[in-house]
Amino acid sequence: MDLIYAILPPKVLAQIFVGLSRTTILFIVSSGLSLILGVLRIPNVAHGSLYMIGAFMAFTISKIFGGGDAGFWAALVGAPLGVALVSLAAERGLFQYLYEREHLMLLLLTFAVSLIFGDLVKIVWGAEYKSVPVPHVFQGYVYLFGGLPFPIYNLFLLIIGPIVAVALWLIVNKTKIGKISRAAAVDREMVGAVGINVSWVFAIVFVIGCLLAGLGGALVAPTVSVTLGMDHTLIIEAFLIVIIGGLGNIWGALLGALIFGLTQSLGILVWSQFGIVFPYAAVIVVLLFRPTGLLKSTW
Amino acid sequence: MLEVKSLSKSFDGFKAVNNANLDVRKGEIVAVIGPNGAGKTTLFNLITGILKPDSGTVHFRGENITGLPSYEICRKRISRSFQVVNIFPRLTVFENVQVSILSREKRTWNLFTPSSKLAVEETNRILESVGLVQKKDRTTALLSHGDRKVLEIAMALGGDPEFLILDEPTAGMAPEETVRCIDLVKHLSEKLGLTILFCEHDMEIVFGIADRIMVMVRGATVVQGSCDEVRCNEAVQDAYLGGSDVCLM
Amino acid sequence: MLRDMLEGRGRIWWAAVVIFMFLLPFILPRFYLYLLSIILLTGLLATSLNLVLGYGGIFQFHHAVFYGAGAYGTALILTKTGLSPWISFIVGPLVSAALGLIMGWICIRLSKLYFAMLQISLGSLVWIIVYRWYSFTGGDDGIHGIPLPDILSSSNNAYYFTLVVTLICLFAMYKVIKSPFGSALQGIRDNPVRCEMIGINVKRHQLLALIIAGFFAGVAGSLFVVVDNTVFPDMLFWTLSLEICIMCLLGGWFTFLGPMLGAAIIIALRTFVSTYTTYWALVLGILMALVIFFLPNGVLGYIEEKIKKGFIEPVIKE
């Protein structure tokens, strides 16, 4: 114990854990974004809106179930599924017609969709702040390393993160749909030529990616005030994480999220007013030395 | 004039060009032939700086130009055309060639003179010489494939080259267009004294206009020599015709 | 007539339009004059973006940063120093141009989506600094009630100033596009590999284009200070950047006046829609989706296409 404290003062250690919980959320959201970018080549700006919708849905579902523990678990399952449905509609209704178009058009279309989603959220849930209660099991603090208070819910987040990473890795590398989608990412026509309905493969990948955005939203809901505009900075952060990690690389998204989360939480210690500057600066440094990201990109 | 020595380039372990050697003397027409995937286009890309070689050297007029960026190689008056049509689709025929001339004259930093008044005469002259002058105001997207290939050459000429590299100049052309194109290449060599390096699949064309031929197989130079030497070279026949004992053509 | 105007002939028609614009203060009430000024300067901003986006093929996704930098540059000189206000109108655009140089120099090594992302990251950094640095930039409140020289304080004169400056800038940018540099830039947009092969140093040309675009975006920012007397951090936020992209797309990003038209449509529509509903973003989103699906070349691009069809077909037939 003393050794750890000798190297890292408690304050720093506490910030590292805060950063790691933030990393979990960032990773879950950006891994979905990375999946969609890697396979479908869509820079999906609406991904942030889906994260926001996930948080709002978590609020509603949790409320329906009385706001208690049952509500939390129902929200954790229900909100991502709800987001998946919304994204399926968007993919079948809009995006599937534009896969061949330039990135610029795709990006602007997803921006249009994010504007529409933003206002729809305003219509459905209103502009007030919403809050989702932390379930009883996860209330309170644990004391790490003898005396460092750490919210149990954040500990829960730290466990969820690796589970999602492994699950996603299994889906992409071990299942049929994962293999087909990786092949389709490289050569769409060839996969189509061997008799696979690429359009639906893409739809499924898109929905899985968006489901992760919804999951991120549901997980973050108990820790923040759920409000309009919570998507605005998150989507930029998610894009940057995906880029510095290497487009389409899930481990890259994890690495990127770690860099982003940790520089942000530690940056606050260094210079509280401009703590948020550090992750952006880190991104710039990474891209200057590794222009196509830290790990191998699928592009 | 151009000297390529043991040039190599590999992509992810695949040796696209492997120990290629080539020399071209001033005023010659040299053809590079070889089966599909022999690395001809990669070789041209290495010479013109679009790709950087892993090893080997390229000398032009005694000067080492290995690995220089394309725009600097171009300023040494080496121009090329591409196998896949590579032009500016949203500009007109006239503008395509004009940009090339303006670039050679280093006038592309000029921000205020209207370009419509610059290099008009020379552009027209080049278009005239390749036979595109009637179509000069069309957007290039509206041209036939053959015309676009000719426009490629016209753009290369805009750089006022001494050394011209043509990557399958007649690929995909109709027969009469091919004849016109070959005449153009001969004209460039005879009247303007250009040194020309080209690759081509049509052996009739190759043996018809080339002074010397370089044969490439699997990235490596098999032989370089005069038409007759190449025609009856056994290694070439092995590689090209699977060992049959007839001479090419 | 329309064809003449679009193809740069018909000077009389353009002169008529300009004279009409100068007479507007005698007819229009103050609010519309303000609106028109905003349209002009936003159109200038969109046109400056289009210089690199439509003509240069560079994915400049965070153009608003240069707009904001110009506005803050002007505003800070006006409020924090005793320098002549006219200097501030020069400093603002120069700040933007310098920022264009720095960001461009860093980003230009990457292309397409990577370029866009690095730029958004740098731009967000600038935004955060402006947003958090209360003591210098006023933080999220921005700066209000910026003192202007007396001659510009009436809305008529602010309008005239905006109109004249916008016209000069549009003319300058038109010149640039028609210059050899403009030709080279369009060549780079169409085919960068080929451009290198005819001897053009692609990266350096792109960098100069970014600086020029940054400068004119800065001019638009300075004009905003004149018209609105305020600056606020949302002027540098990425959502505004994408809105400007939409203006270019809506008007037609391969046409010179398209972005101006796009800006006019979007701002007029926003003003109109906002009187009925607060859900302007919804309307804009639907409009954008429709444009992307049905008018990929924009309104002006569509009109030009129609005109050209009637003009070229007979030539091909002969």
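We call the chains A, B and C, going by the order they appear; numbering starts again at 1 in every chain.
FYI, a residue touches a chain if its C-beta (ideal position, glycine included) is under 8 Å from a C-beta of that chain, and two chains touch if they have at least 3 such contacts.
Note that the structure is a prediction, hence the values are computed from the model and not measured.
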Chain hops separating chain C from chain B, counting only touching neighbours: 1
Chain nearest the global centroid, as defined over all protein CA atoms shown: C
Identity of the chain that, by mean CA position, is farthest from chain B: A
Rounded Å distance between chain B and chain C, as computed from the means of their C-alpha atoms: 41
Chain centre separation in whole Å, for chain C relative to chain A (CA means): 33
Euclidean distance of C-alpha centroids - chain A vs chain B, Å: 50
Residues of chain A touching chain C in the complex: 43, 45, 94, 97-98, 101, 103-105, 107-109, 111-116, 118-120, 122-123, 232, 236, 239-240, 243, 247, 273-274, 276-277, 280-281, 283-284, 287-288, 291-292
Touch list for chain C against partner chain B, complex: 175-176, 178-184, 186-187, 189-191, 193-202, 205, 208, 254, 312, 315-316
Complex interface listing, chain C residues touching chain A: 53, 59, 61, 106, 109-110, 112-114, 116-118, 120-122, 124-125, 128-129, 132-133, 237-239, 242, 245-246, 249, 278-279, 281-282, 284-286, 288-289, 292-293, 296
Contact set on chain B toward chain C in their complex: 48-50, 69-71, 74-75, 79-80, 82, 86-91, 95-96, 98-100, 102-104, 107-116, 118, 138, 142, 155-156, 158-159
